[in-house]
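There are two complexes below, and they share subunit A, which is joined by subunit B in the first and by subunit C in the second.
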Partner chain A sequence: MTDDIITIEIDGRTLQARKGQTVIQVADEAGIHIPRFCYHKKLSVAANCRMCLVEMEKAPKPVAACATPVMAGMKIKTRSEQAREAQKGVMEFLLINHPLDCPICDQGGECELQDLALGYGKDVSRFTEAKRVVFDEDIGPLVSTDMTRCIHCTRCVRFGEEIAGLRELGATGRGENMRIGTYVKKAMASELSGNVIDVCPVGALNNKPYRFSARTWELSQHAVISPHDCVGSNFYLHTLRGKVQRAVPRENEAINETWLADRDRFSCHGIYSEQRIAQPQLKERGKWRKVSWDEAIEVTVERLQSVIASRGSETIGALISPSATLEEHYLFQCLLRGIGSSNIDHRLQQCDFSHDETMPVAPWLGMDLNAVENLQAVLIVGGNPRKDQPLLGHRLRKAALRGAAIMYVNHRAYDLNHLAEQYLAATCDDLVIQLAAIAKALMQKTNRAVPDALQGLLEQVEVDEQQKTIAENLHKADRALVLIGSQASLSPLYSYIVALSHCIASLASVSFGTIHIGANATGACLAGALPHRKVAGTADEQPGLSAHKMLQSARRAYLLFNVEPELEAWDTATAHRAMHEAEAIIAISNFASPTMREYADILLPLASFAETDGTYINAEGRWQSFTAAAKIQDDAQPGWKILRLLADRLNVSDLAFNSAAAISKVLREQCRNVVLNNTVANIKLPQHDFSAHNRRLQRIADIPIYSTDAVVRRSLPLQQTIDGMEADKASIHPQTAAEYKLETSEYVSVTQNGNTIEFSLQLNEAIPEGCIWIGLGVPGTEALGPAFGDIEVSAS
Partner chain B sequence: MKRRLISWLKSFFFWELFQGLRVTGRYFFARKFTIRFPEERTPKSPRYRGLHALRRYPNGEERCIACKLCEAVCPALAITIDSEEREDGTRRTTRYDIDLFKCVYCGFCEEACPVDAVVLTRFHDFHFEERGQQVIRKLDLLKLGDRFEEEIATDRQTESKYR
Partner chain C sequence: MIEKVILDQQTVLPSEVLAKIDKHIAKFPPEHKRSAMIGALTVVQHFNKGYLTVALMDAVADYLDMPEIAVYEVASFYSMFETEEVGENSISVCTNVSCMLRGADAILHHIENRLGIQVGQSTEDGKFYLKQEEECLAACCNAPMMQINHEYYENLTPEKVDEILDQFK
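The block that comes next holds the complex of A and B.
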């Protein structure tokens, strides 16, 4: 490797460089700043802005530092007379058509052009001709455009091609007439589209929801962790006088590189929704009354104690959001176990819990995030990381671009931004059978044994060419991963999916990963927010009921921690009914929807993710703590304080913590010996007849990208995107639509569990025949039943 | 002995008193410096830095574009601005407060303003009757601007060649 190191000289400093590096990369590493606009370290080199011109000894004219590879003995001067003159000349050309509107430009203060114009621009323009004016395009609710300001660096175009994988923006025309825009007038649909705001060096592409609400220099910056998916992206929240204004990515090469998903970037606009609870409230004879915290806590304790006294503590159910912080999960389960109930769960969207006993301590990705991009084969079961965990999707795309075979087994086809094979399974049985066939193909190939529990199933299935290809791909790859996506847990046969995926991974001797819904599912499991496990995976001697069971066999009282069971539960109708029938519903929540106001009895305002201290554990098992970024709205309190207070009044001992950091310290100590491991041993599988064929129309579901949690659902800009608008439509295959005489109808009446709801209908060939897709977590679906199951449709 | 005698005579005949009265007498008949303040006013420089005002364009549109440069440059942190996008797509202030107790009348805000919106007028004799009134709001600032517009405009005109 030493042959690859060469020595060059920049500004008189002797520097070591690797062959193939460009001058600007070496200079950046050495901290020598060369001005640039089009060069971005994560994008390909375009060399079209010419701002990075530097003097190279023995070269007749200045060279572009971003496009010049280093050569041994090269001598570069970045500040010589010639270099400065060239840079100043380029700047003068750039400023010819750039408007002088910095005072009304949102980029003002963080603008690369503004900064460099100070160093390289002239005081007075020599240009007296008419300036160019470009009309703006509406490219969606997230990115605002002021195309007159564009300097044609094409970073956004390259971002679209190389990172987002969608050619949404492009350049048309040449020279003076060059325009950046969407070819056909349309909105950007990428889940990473917000990153063009960061890559744009000028104010041409800007943050639309944040537009004109603050100036960059008056914002204070706070580092936080993504509360929406298990990637745990690092980002900054920018606040003005304690109020969140916007989010920008924080570079972390191991997690999110320099990118940020739109969901993380724009969810902060949901924090100050009108439905935010301002003050503790009690329902008295159907009327809500605002009360003090003291009174609210007192009444909460009274209610809980009276339920315990009259019906026993096991009639209390507790549901917590998988995106709550680690500290909240820990205190929540301590509180509940302290009053004698183990009915605690964070897995609202799951319905098959039969393998609970044998499940690993906590789900995890099975590898580091940045190892994903070096994989050679990936089999994803039940999930679409592109939309579910956008930055994991980005890593997968990188792997795909390097030639990895990416394979999906899902209930519907997804719009992907990379090459992949998608295998569709119309029913849950079908999906399991497909997995079994893959396992069988591998078993035949490797002659290894499979667990006893699966032998019967494997005997029943037949292997076809498709499954052989998947098996072959996994088998021949040195680095491969079988990944259970976050949507798989919606399946009523989840335990089979886990058992088979694990079996496939071990037969092919590849890594096995599981990812769950929410930002902190791994943390929730470690903290013991499970009915059958306490902290660090120790078994609970008296296991409680799982989320689905505690909603099915209605409890007397429910404690809800930032969840909306009527939207988030696997069986929304049952959850809705359970909420209505309960004696007492205590909701510790950011928001109260009108539905929640109907069934809840006590509302305790919870500080949002931006207003609390906490820790998240991401899919790779990384503990990331953060502190509150914004001032707490109104009378809300951080979750750990509320839970601590409740624990105190309910005489649950040992929870007298004074800070979130103290809680995570205790937890870290208790989890010291936990090694994340996805191995599933002696899995218990429920009896299921795979030979029965259901010919009725089936509902299939997944959680759309902008319906994952309460904040996202209330972020208006996200809901106005294409993904947000399509979430509440029912999708059906044209063939099936014809079968049910729906091909011409715009709306459809859907009946499940005796409840009928009207949806706008979309014909979509991505949905397998014999199914109708209706998203989970989408407002308006409260009365519908299970995510998977029989369903009836009729034109309306 | 002689000095003592002179000193005794001086104090006996109130010599120092007459000396003093001579000054009094001189100024008694000299031209007066004082003016009857509210009725009479001293002339003021066009650069005088008195109470603030927000100006409008001749068509009635407020000049301020909420760029917040005045807020940023203010050494006393006397200015507070909130902004939003108005219906016509331009950025406007929803709040423009100047705390006159904090203000040091340095005039940096006027220097910083790219659209000559915030200015310091020649008006300086203002008062408050209750606490809270020292924070002067956007609408009042605009009213002041309307009231003094003619004077502000001519002052800026005469000063333009020195800027």
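The block that comes next holds the complex of A and C.
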């Protein structure tokens, strides 16, 4: 290694550098600033702006620091007369066509061109000819364009090709006529598209929803953690007079690097939705009345106590969002257990809980996020990280680019941004059988035993070539991962998926990971927001009902914590009915939809993710705490305070915490001996007949990227993206469409459990034959039934 | 039971065009298929009677396994590709130094008068397009010269031009 270290000199300072580094990298590490536009540390070197010209001893003319590799003994001067002269010259050229419209540009105040023009520009322009003008293109709801400002650094183009894996922007035309755009005027489809806003050094590409809402120097910056997926991306919320204006990434190499997914960047535009609950409200004879917190809490307590007195506390059900904070999960379950009910769950999308007792304490990725990019083989079962956890998807793509074999087993094909093999299973049985065959292939290869519970199934299945290939890929890799994706838990045979995936991982001696939807599923499990487990995985001697069970066997009262069960539950129709039939629905929530206003009785306004202190545990098991970024809207309260208040009035002791930090401290103490470990031992599997062939049309589902939680569903910019607009369509394979005489219909009537809903129909070869795909979590699906199961269709 | 996903690609290019593109592809190592792009675009432009459409460029992108925008970039960069509808036969008269000295301007005027159009326009019947030529076309030794559909015609006189254009009737 030491051979790799050489010594160079920059501005008279002697610096150590590694061979292969460029001058600009070494200067950056040493804190010597060299001006630049096209260079970006995460992108390839284009060396097209020439702003980084520096003097190199013995070189006849200035060299580009971003494209010059270090050499032993080289002497660089970044501020010599020659260097300054060159840099100033380049700046003058760059400004020739730039409109200098800083006063009306959102980038003003945080613009690399503006900053450098101050240092290197002249105060008077010598250019008297006409400047070129470039017409703007509409590239979708997230990124605004002012292309006259573009300096052709091509960072955005390289971002698309190298990071997003989707080349959408390009440089068309030549010379004076060159322009950056899509050429065909289409909206960007990447789930990471917002990052071009940050990489663009000028104001050409900007944040569209934020456009013209503030000047950067008026904003205050607050560090927060992503409330949408288990990557736990770090970002800043920028606020103006206490209101969130926009989100920008906060660099954390271990988690999100310098990037941010569009869902994290633009969800904040949903916080101030019209459906936000401003004040506590009670429903009296069908009419809503705004009340004080005291009254609201008093009535809540009365209602709960009367249900407990007349029907027993086990008739109370409690559902909490997997994206609630750790502190909220903890207090929520303590409160419920304190009043005698263990019907607590955060897994609304799940229906098979048969392996609950043997499940690990909490799900986790099985490794660090940055280890993912060094894997040689990955088998993903039930999920598409690219859309489900975009920055985990980015790590997978990096692995794929390094040659890893990435394999998916799913109920539908996904549009991927890297090379991979996708294996499709039309039915839930099919998916399990495929996994069993992979396990069997590995069993034959390794001659190792499989758990008793799986033996019978493995005997039934036959192994084909493709399953052998998957087995072989996993087996031969030194670093491999079997990952249960966040859509897998929707399967009615989830316990089989868990058992088999674990079995495959152990037979192949590779890592095993499980991820769930939401920002804090790992935290929810550790905090005890489960019917059968308390804090840190200790068993509840009187286990309660799972989410699905407590909706199926209707409860008298439900306590909802920032969930919309009629959209998020596995069986939305059943959830919807349970909500309507209950005596009392108490919703602690950011928002109330018209549907929720119909079934709820008490609305307690909850501070949004931007307005509360809290902690999330990401898929790596990393605890990340944050404090409130924005002023609380109107009369809302942070979740932990509402729950503490309720606990106090309901005489549940020991919850009188004074801060979120105090709660997480207690939890940390209680979890100090927990080592995250996905091992599933002695799994119990439900009886299931895999030989029966169901020939009826099946519904398949997953949770689309912009349907994951209440705030995302209310972010208009996200809903207007291509992904957002596709979410509420029913998709079907053209062959199957023909079979059901749907090939020419634009709409389809879909019937489940006797309820019929109309959807617009999309013919899509990504859907296996014999199925129709309808997303979960999508508004308009309230009356539909289970995420997987029989379904009828007719043209409408 | 396990199916591999094969997304059906819709091809708008007929097989004889693809066969010609394949010849260009064959000139490069298989992993550098994209190097055949200029050749492919030329084939497709001639096939489409003188210009490229977005659909055709998409088809080329598809055939060469590259992002569509990368094809738009190349097609819009090189002046020999037309991305707007133009007349079927593209005439480029060189007016650079050598040709200019040997009477290129008169040749150009003669063509303009004969076709009734100016540089940059197409004839109404869609037969001819008189292209703005920007640079020396590298046949100075036989100046003045022009290209029709990228073929060279040299040592031009107005009479010779008439003869040549008559062939395109």
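Miscellaneous remarks
Convention: the second predicted complex is superposed on the first by the 796 of 796 C-alpha atoms of A that agree within 3 Å, B and C clash if a C-alpha of one lies under 4 Å from a C-alpha of the other, contacts with A are read in each partner's own complex, and residues count from 1 in each chain.
Note that in this section a residue touches a chain if its C-beta (ideal position, glycine included) is under 8 Å from a C-beta of that chain, and two chains touch if they have at least 3 such contacts.
The shown structure was predicted, so the numbers you read here are calculated from the model rather than taken from an experiment.
With both structures placed on the common chain, the touch criterion links A:312 to neither subunit B nor subunit C. Contact with neither subunit B nor subunit C is seen for A:456 once the two complexes are overlaid on the shared chain. In the superposition on chain A, contact of A:768 is made with subunit C only, not with subunit B. In the superposed pair of complexes, A:108 makes contact with subunit B only, with no contact to subunit C.
Once chain A of one complex is fitted onto chain A of the other, the partner contacts of A:686 are absent, as it touches neither subunit B nor subunit C.
In the overlay built on the shared chain, the residue A:467 is in contact with subunit C alone; subunit B does not reach it. Of the two partner chains, subunit B is the only one touched by A:215; subunit C is not. No residue of subunit A touches both subunit B in one complex and subunit C in the other.
Within the complex formed with subunit A, the residues of subunit C that make contact are 1-5, 7-8, 54, 67-70, 72-73, 76-79. For subunit A in complex with subunit C, the residues that touch the partner chain are 161, 166-174, 182-184, 413, 421-425, 430, 433-434, 437, 464, 466-467, 765-766, 768. Residue ranges on subunit B touching subunit A, taken from their complex, read 65-69, 71-72, 83-85, 90-91, 114-115. By the touch criterion stated above, subunit A contacts subunit B in their complex at residues 103-104, 108, 211-215, 217-218.
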